[in-house]
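Heads up, the next two complexes both have chain A, just with different partners, chain B and then chain C.
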Partner chain A sequence: MKAFLARRTATLGVAVLLASFVVFLIPYVTPGDPVRKIIRSRVAGDVIDDATVQRLAVELGLQDPFWVQYVRWLARFCSGDMGLSHVSRTPVIDQVLPALSVTLSLVVLTLGTAAVAALVLGITAALQEGHVADRLITTTTQAFIAMPEYWLAPVLVLVFALKLSVLPSAGWTGPASAVLPVAALALRPTSYFTSAVREGVIDALRAEHIAAARSRGLTYAQAVWRHAVPNGMLPLTTMVSVWFAGLLGGSVIVEVIFAIPGMGRLLYDAVLNSDIPVAQGGVAVVVGLAVVLTTLADLAHRLLNPRLREHHA
Partner chain B sequence: MDNFRAPVADWALESDAAYILSLSGCLETLTKYDHAQGKIVPSLATEWKQSSTRDWDFTLRDGVRFQDGTDLTAEAVVTSLQKVLDAEVPARAFNPTVVSGVQALDEHTVRITTPVESPLVPYRLASVNTGVLSQAAYEDGAVDPFGHCTGPFTPVSEKPKQSLTLDRNEDYWGGPVQLAGAEVRFITDGATRAAQVQTGEADVSLSVPVSSLSALDGHSDVKVLKADSPRTATLYMNNSRAPFDDVNFRKAIRSALDLDALASSVYEGAAIPASGPFASSEPWATQSTGAARQDVKAAKDLLAAAGYTPGRPLEIIAIVERAEFADVATVIQENLKNVGVPVTIETKEYASVEPDLLAGDYDMVLSQRNRLIDIADPIGFLTADYTCDGSYNLSHFCNKEYDQIIAKAAGTGDAQERYRLYAEAGKILEEQAVNIWLVNEQAIDAVRSDLQSYVQDPLSRYVLTADTSKPGS
Partner chain C sequence: MRDRSISTWLAVAVLALIVLSVAASPWVAPYPPAEQNLALRLAPPSGAHWVGTDHLGRDILSRLLDGGRFSLSIAALATVLAGLVGTAIGVLSARRRGWVDEFFTRTNDVLLALPEMVIALFIVAVLGTGFPSLLLALIVTGWTPFARLARALAYDVSAQGFVQAARVLGCPPSFIVFRHVLPHLAAPMLGLATLRFGHLLINVGALSYLGLGVQPPQSDWGSMLAAAQPYAMRAPLTILAPGLAIFAVALCVTLLGQRLAHMTGSQLLLSRTPSRTPADA
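So, the complex of A and B:
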């Protein structure tokens, strides 16, 4: 276990370094002058004074070779300082933490909803394998996969905000405002999770130990709850952690449509405006969190699966 | 109220955050641009005069108090203006290039000094970037507008990137304020802004996209307001490169295009075919016979006169930041094909093509400029975009007569005479067919029908006012 944790800690460091380096390269591999992008994000307009461009480049240290800038950022980051935003000139941490807390809430609600729905639907489908309920659940959840967020979100707004007037169309102001964005984000993971739970439960129901358990006197319901359902939950831990990591920075479309001030929108704006300190700080936090979460998921997976625990012990 | 942007640089007044504070009814300036009258009118200053060649003196209004209870003084005005002048990224309208100093002559008089004589100083003092906050707003190094404005509404809380909440200023110098308060939300997605005014979650949605108009038009509780904006979608042509260096060729392109079809199809009727470099409602608009009509025969004759023979396909660059430009380019491509001019379309990010545009290494580009983005006068636009040494002369057009007219206008204090000179300059641009001005875009706001005394400002600087009201507020 210690070796496992040591490996994962090293992975965490390397992943954060690599991700922050890739983000750092963005202004050098995308067209356009980063200083002009920074200026345009503050004062919209096409005509930009060359003297201002040159002065700002010096003040922000952007005239230095890119590796000098990167090492400077890395040294500061390692000492716990994410620096100042190029655009707002305020501490990056003050932008990243509020955005992270919003996105974490959004993602936890989304994956919690998806996991609960998947357990109910997946177990029902497995127990009714081949029957109408199974076919209905399987077909419906497969259809969810074909509904991307950029299509689904406006449709949800149209139905529940405009036609029925039962939910707010945008904002992040309370439980009601979370319903539509969570629904827009949760449908696709629900689909994948349901499929995994269904397969897991069906596999378990066909396994010999279920028959053995029943021969020991367990009722069908007891066998299902004690053996089949845990087997169906097993893949969920890994899938939830993978989706968690993806949604931390990948909910940008939903965040823009519903005007949610989360990480996706923060990173999108930062890259658009060449606000590299914000982009780097945000990505480092997201990647770090993703590695930590997948490590925790692996640990949980080992605890839930005795065979895996024994195999790697 | 739904606005289309959030402050990006906290509340620094030299940044576009000043627009948000101004449209929210918090920030006020020494002068204001009255769009209906087409002139500068008093605001925090009651009068102004040019006291010497380079000096302008502004007399402050008596009895104005900031929302923190302190008096509006010349010293407070100087502090605010000096902060903007000293900014890392200075404001377009008010920066050290155009203003060399600000000083308090006495408690009620502020002097603005310019490097050279400038009749446009009162216009610069109408820019939202020159808004005035009390001195307490600058105490911690950052700009804190909360309780430090002079306007009818005072900001009381902010949800970063989400919204700004304001309360009525009970001691507003301009008289009773009708609304008890307001919330300004920052919603970048246009369709969401339109949805919010339909559901009644918002009373005003600014800058509604054309694609949402059909849904709003059928809604009895929503009014859609349109006004000419100072933005003209333009096909820029590189006048320094063949075949665009021949005026007959440029005129041929103009005759080949069907601007009516463009306005009704791509812009779905939310833009008006352009008749020249200015919108017809602008006081400096040229006397025109209307938008150029498509005339295929005339286009072919002009191409023959220019000695044009189809060779390499000409390239139109469509900027991706304006989604509609891809469709505009396709319509133009079809129109030009009909007169025998082959065209290819390239879709690129603005940042990636800017160096080529400024260097004159391109054929045609679709772009849209705001003529009044600096001040409520087109001098900055006409100088930067069309004079020989203009810093944003994408057309690479150079005409000595035009330059002389613009230089004369820049030194003309009388607004009517200056506008006449702008019209004269505009006529040269039209005669030379420097660019093809395609459509004048409309500023579109959607408001709930029960909102009263709402006056649309095409530049969205003044939205919430003391007079804005709604039943039960």
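So, the complex of A and C:
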């Protein structure tokens, strides 16, 4: 466990450093003069004449060796100073943090909904294995995996917002405005989670310890709740954590369609407007968070599942 | 078992119908895809326009057939390239082991943790919109499952007696890879490619929907959907039809892929794919 922990932390550190270097490079590899782009993200006023650009380049240390600039940039970035947006001319951090909180609540709502739905559907399907309910659930969830959000979301808007006028079609203003985006976003995770839960429960039901429990006098219901259901929840915990990282920026389509001011939308707008500082801040935050979350999830999975521990010493 | 083979044949039939008519679109499309008829904007389905017309009075069926060429060919190309890159990296990792293996496995882990859409947005931000960056974005996000599977299978094959024997007999590594390792990988990799094609098709549509994929005047199913959005209320078919096309193809291909995986008995493939393909939005 200790060796595993050490290796994981090392990988994590290297991954975050590499990713941060790639983010640092963005102004240099995108079209245009990197020095002017960096000055624009650091100085509030508009700088046009070459003399001032020269002077600022020296002042901001843009002529120092590359790695010195990188270390300096990383230090500033980690202290929360991500520069000024090229478009709105306000600090990037003031745009990233609110967007992150919106996306986090969207993702938590989505995965919560998906996990609850998957537990209900998966356990139902497993207990009815081979019967009508199971086939219905299995077939539907399989079909939903192939359904793109960018189609489902407009259809949901069309039906519930435009035709029936029961829910708002856009915005992020309250519980009602969250229903459609969460539904559109939760469909695919629900499908994947359901089949995982179903398989986990079915595996457990076939295992010998269920028979042993039954022979000890547990009722079928007790055996299911104590032994089969926890086994179905184990794969769920891993999948939820993998999806959590993925949805942090992966919700971009749903955020664009429903005009939700989250991370995905922030990154999308930054790319469309070539707003390099915002793109840097957004990518860095999403990547950093995703890598840390995935590592923590891996660790949690290892703690929850004793079977994995011995293999990795 | 019987109803499974019926659904397989149904999937094959639907897929064949769509692919053939898309491939033959210059000859079978009832109208030129760009032909406008402003007198007949957002028309409902009729004998002349089976699926109706869009906001410029263009025939939706003709546009679906034409747009499908881009959606399907880009997704297919991306699947093949991602498959080749992934297989090469996977086999290399398994044969070389050591730091090569460690490096690619870690890269794989990190990429898996990142949202595909963020990587794609990043690549488009750096390279600008267009066909090369679209393809690159799809390959960078798409090679990882292939590499994982190829590595695991190549490890297994390399431990087999006939590979050991070949090595003892003095066969060069390239001979072992091409004669022994790759043939063993072919069937499962094909199964995985089929499973991944639907996923990549959805991603192509997503990028085009966001305006980062196929650029105007050319259009594909994703960009058709995006263009039709403001008119969804007046003519629902303008958004329903392209989405249904993507959905139908992705579903049929996935069904086929699962069947293929069952046939080749690749439990590895089945157990790996669903749980290890996270958010793709």
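In this text, the second predicted complex is superposed on the first by the 236 of 313 C-alpha atoms of A that agree within 3 Å, B and C clash if a C-alpha of one lies under 4 Å from a C-alpha of the other, contacts with A are read in each partner's own complex, and residues count from 1 in each chain.
Assume contacts are C-beta pairs under 8 Å (C-beta built on N, C-alpha and C of every residue); 3 or more make two chains touch, one makes a residue touch a chain.
It should be emphasised that the depicted structure is a prediction, and the values quoted were computed from it without experimental measurement.
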First, second, both or neither for A:A259, with chain B first and chain C second: first
Partner chain in contact with A:V43 - chain B first, chain C second, else both or neither: first
First, second, both or neither for A:Q142, with chain B first and chain C second: second
First (chain B), second (chain C), both or neither touched by A:I202: neither
First (chain B), second (chain C), both or neither touched by A:V96: neither
First, second, both or neither for A:A19, with chain B first and chain C second: second
Touched partner set for A:V157, first chain B, second chain C, both or neither: both
Touched partner set for A:Y192, first chain B, second chain C, both or neither: second
In the superposition, chain B vs chain C on chain A residues touched: C
Common ground on chain A, meaning residues reached by chain C in one complex and by chain B in the other: 30-31, 154, 157-158, 162, 256
Residues of chain B touching chain A in the complex: 8-10, 12, 14-16, 88-92, 95, 97, 142, 159-163, 185-189, 191-192, 195-196, 198-199, 201, 348-354, 367, 369-370, 373-374, 380, 384, 391-392
Chain C-facing residues of chain A, complex: 11, 14-15, 18-19, 26, 29-31, 142-143, 145-152, 154-155, 157-158, 162-163, 185, 188-189, 192, 195-196, 235, 238-239, 242-243, 245-254, 256, 264, 267-268, 270-272, 274, 279, 283, 286-287, 290-291, 293-294
Chain A-facing residues of chain C, complex: 106, 109-110, 112-118, 121-122, 124-126, 128, 198, 202, 205-206, 209-212, 222, 225-226, 229, 232-233, 236, 239-240, 242-244, 246-247, 250-251, 254-255, 274-281
Complex interface listing, chain A residues touching chain B: 30-33, 36-39, 41-47, 49, 52, 55-56, 59, 87-90, 95, 98-99, 154, 157-158, 161-162, 165, 168-173, 256-259, 261, 265-266, 269, 273
